[in-house]
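Two complexes are shown next, each including chain A; its partner changes from chain B in the first to chain C in the second.
Showing the complex of A and B:
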């Protein structure tokens, strides 16, 4: 119990820190609106040029909802963990974090929960409301509850992936290169730039065995279900739970092994 | 600038050589960054392919014409990528006070700050852009004349001015607001959409993307001169002038911010 209080103190500190940067929040919401507009017009004209209104089982409306929400999820989950870890290794600050009476992985995770919650409220929720008002296509029922469970699992999976990629920074200090590779692969295979339904067979197969699908596609399909039964959502949640456990173990293991490698500047 | 172009050019080359030398001592970093850059472009190209395997044209623009715009936009963002990379560190330098060291040099502050870093991996993107452009040029059967090549070069330089101007202005916001990273990141991400014809937007956003966030000048307007020579809008012809103006304005904003700066006192 006292452990939980320790963690929640970090969450609270994160939220308070975020509240100090109100202007940044406004810029972010503004940026989000521009981004959504661009996506809207782009896909509208793409579908207008197509001879049929349904392409690969996707209509303009369903494509838009999918892309907009996937982008919103991507934005609130991007916590720049890799940059933080990389910079801390470079500057040597990581030594201070390592001697804290808390595991580094948990410390970093819980200090990100505050900003993540704030980002969820300021970017995902407004986007969700706009989409709902414009299209009325998202059912408002029990699916929202399952969605929350699913999104929490997605945050855990995403963090494990980021933490693993961040661990690579212990071997090479090329943060930019490592991060950009992760980012483009995630953006492509999560379907956040182009919905997975449009993928040719080979690439779709690759996407289905990668964990990124569980981060984006999972929560989104649950969100778009109309009053789902538990048996409808269970396969998705099971797959997510599988990836969450699997990647947790992998990232912890990789970190433990890598820690022996550590060389820190300024010793 | 009181001291002539040749003076600044000589200094730029000197600083460039030093920067490349220091980069070469981190060879692994250079290779990983280069691979990252190439991967980014490959994935960008794959996304483009996937899109066109489902849709044959966008708003009256064929696959090869879109490819032309795509290649052109990659070339146009290269100078920003290579020469203005230090803008990404500006906010850190301003917050921790390191920026003050640039203020004491007897040369142009903006020039000195930006010349310090040259991002060589941008050249990989440049190669990718050239290859795409040449391929599309060939497929479209566009004429290869001395005049058309000169036109392409002039308009590519013009387009790059707009991208540099946007990035300068966005980076300069750190002199006034906290967490300006989001402004810079947003502008940088907008470039992704520069490769689509601005005609896909409704009039309001067409105006916005032409005059306020000029991404339409990064590929669309300049490419029209080559792609659709019989109906080139006035905006395309005067874009070199607007480009210079934009760049000058962004430079003034940047310098105004820098003059306002008075250290963090630590």
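Showing the complex of A and C:
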């Protein structure tokens, strides 16, 4: 328990730190409104050009809800881990994090939990409430509980992916390219920019075997289910749990090997 | 007394890519396997006792930081044995880290946007410091520095001096056995430097913490260190008491002379250099002052004085014991 305390202390500090940046939150909300306006008009014209109101099994309304919520999830999920790691490696600040009496991976993860929780409360929850009030399309029932479990798994998967990409920064001095590449791949294959239902068959197959799907598409599907049975959500949660464990092991392993490389060959 | 840190024949080699010049070279480097080995630390052995303050000196790039990184467990030595508080740091990194504190003068380990007291609370939880020890430590801090105005100030709003002070306090908070201070007084004003030195001395005395101090400021060394270790190009040049060092260089004096400004010409300086270099005298000038470091075993100060007077008229003079700075400079350039 006492061990947990040092991690929760990091969460707490993150929340306090986040509260100090009120302006940043406001700017981000404003940026999202612009982004969502663009999305709205883009998809409206896509649906307007289609002969039927239902495209790939999704209506205009459900597509929009899906994308709005995906954006809201993106906001608290994207913690710029890769930037942070890259910057710390470049500036040498990582040395100070490495002399903390805990594993770097956990240290960084728990440092992020504070901002993640704050972003969840300040951007996801309001978006959720607005969407619900306007459309009444999100069922309010057991699906919310499953969604919470699913979103926690998604955070873990996303962090492992970020941490792995961040580890590459130990070798490569360019963070920018790596990070942009990661963002594009994750957002595309997770269904955050275009719902997976719209993917052509080949691409959909690729997306289904990649872990990114478990980050956005998983929790969103669960959220939009109407009073699902456990057997409806279990396949999604199982897949997420599988990726969470796999990527955890991979990212820990990759970090250990890389760190040894660095400590042996210098950096 | 027990040893806090023991290094036995520590060597650390890095593999560095041989980089080529120009665009073509850079592209070639992408595929190059052409590495050269650089020895950053070369067969260094060292024993540091509990409670000692050791000045760890050397010119830039001498291998100081590498040694410190080995002692903190971040780097693994290529060969040799190392024990810090009875453990091998690179094997037991996490548990080693619980018992050490680190300050890098140019970076802060504090949480940038949090008030200092929040950083302290966080460190309290991270290092699992007992409530009582934590409160005692804060009381102790309050007795040596003016803590109250610092506690509620976010770190990013602090001046460099306040921040360094806070960083040092933070590094001692969990009562570590060893604290590594890497250039703690860099960029600080004279008053703040002296505050920081007093603080380090006070904590060291009270808590018997071993302190490894790397610095380029000889004032730090004079104020704090009884013992100094000097390394250059990865090799150990000197490891002994300050007293001993002073004794070795005891026969050295610095003679400073103010010369009439019309006579302070390059020719004059060259003639002095020609005349006195056989006696191992080094000459430096500042404004109208000429400083000569004289080894009295080889030539008498009076002889130098009359020698100078033959070519120029002396307006003023000073005779000083050799400063630590001068001693270190001599060791860097000539060895001991």
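The working rule: the second predicted complex is superposed on the first by the 262 of 267 C-alpha atoms of A that agree within 3 Å, B and C clash if a C-alpha of one lies under 4 Å from a C-alpha of the other, contacts with A are read in each partner's own complex, and residues count from 1 in each chain.
Just so we're on the same page, contacts are C-beta pairs under 8 Å (C-beta built on N, C-alpha and C of every residue); 3 or more make two chains touch, one makes a residue touch a chain.
Just so you know, these numbers come straight off a predicted model, no measurement behind them.
In the superposed model, A:56 makes contact with chain B only, not with chain C. In the superposed model, more residues of chain A are touched by B than by the other of chain B and chain C. After overlaying the two complexes on the shared chain, residue contacts for A:10 are found with chain C alone; chain B is out of touch.
Contacts of A:101 after superposition on the shared chain: chain C is touched, whereas chain B is not.
When the two complexes are overlaid on their common chain A, residue A:172 makes contact with chain B while staying clear of chain C. Contact with chain B, but none with chain C, is seen for A:200 once the two complexes are overlaid on the shared chain. By the document's definition of touching, neither partner reaches A:255: not chain B, not chain C.
In the superposed model, A:93 lies in contact with chain C only, and not with chain B.
Taken together, the two structures place residues 21 of chain A in contact with chain B in one case and with chain C in the other.
In the complex of the two chains, the chain A residues touching chain B come out as 21, 23-24, 27-28, 31, 34-35, 37-38, 41-42, 44-46, 48-50, 55-56, 172-174, 176-181, 184-185, 187-188, 193-194, 198-200, 203. On the chain C side of its complex with chain A, the touching residues are 12, 14-16, 40, 66, 69, 72-76, 78, 90, 93-95, 97-98, 100, 102, 104, 107, 109, 111, 113-114, 118-119, 121-122, 124-128, 154. Across the complex, chain C is touched by residues 2, 5-6, 8-10, 12-13, 16-17, 20-21, 91-93, 95-96, 98-103, 260, 263-266 of chain A. Partner chain A is touched in their complex by these residues of chain B: 26, 28-29, 32-37, 39-40, 43-44, 46-47, 50-51, 53-60, 177-179, 182-183, 186, 189-190, 193, 196, 200-202, 205, 213.
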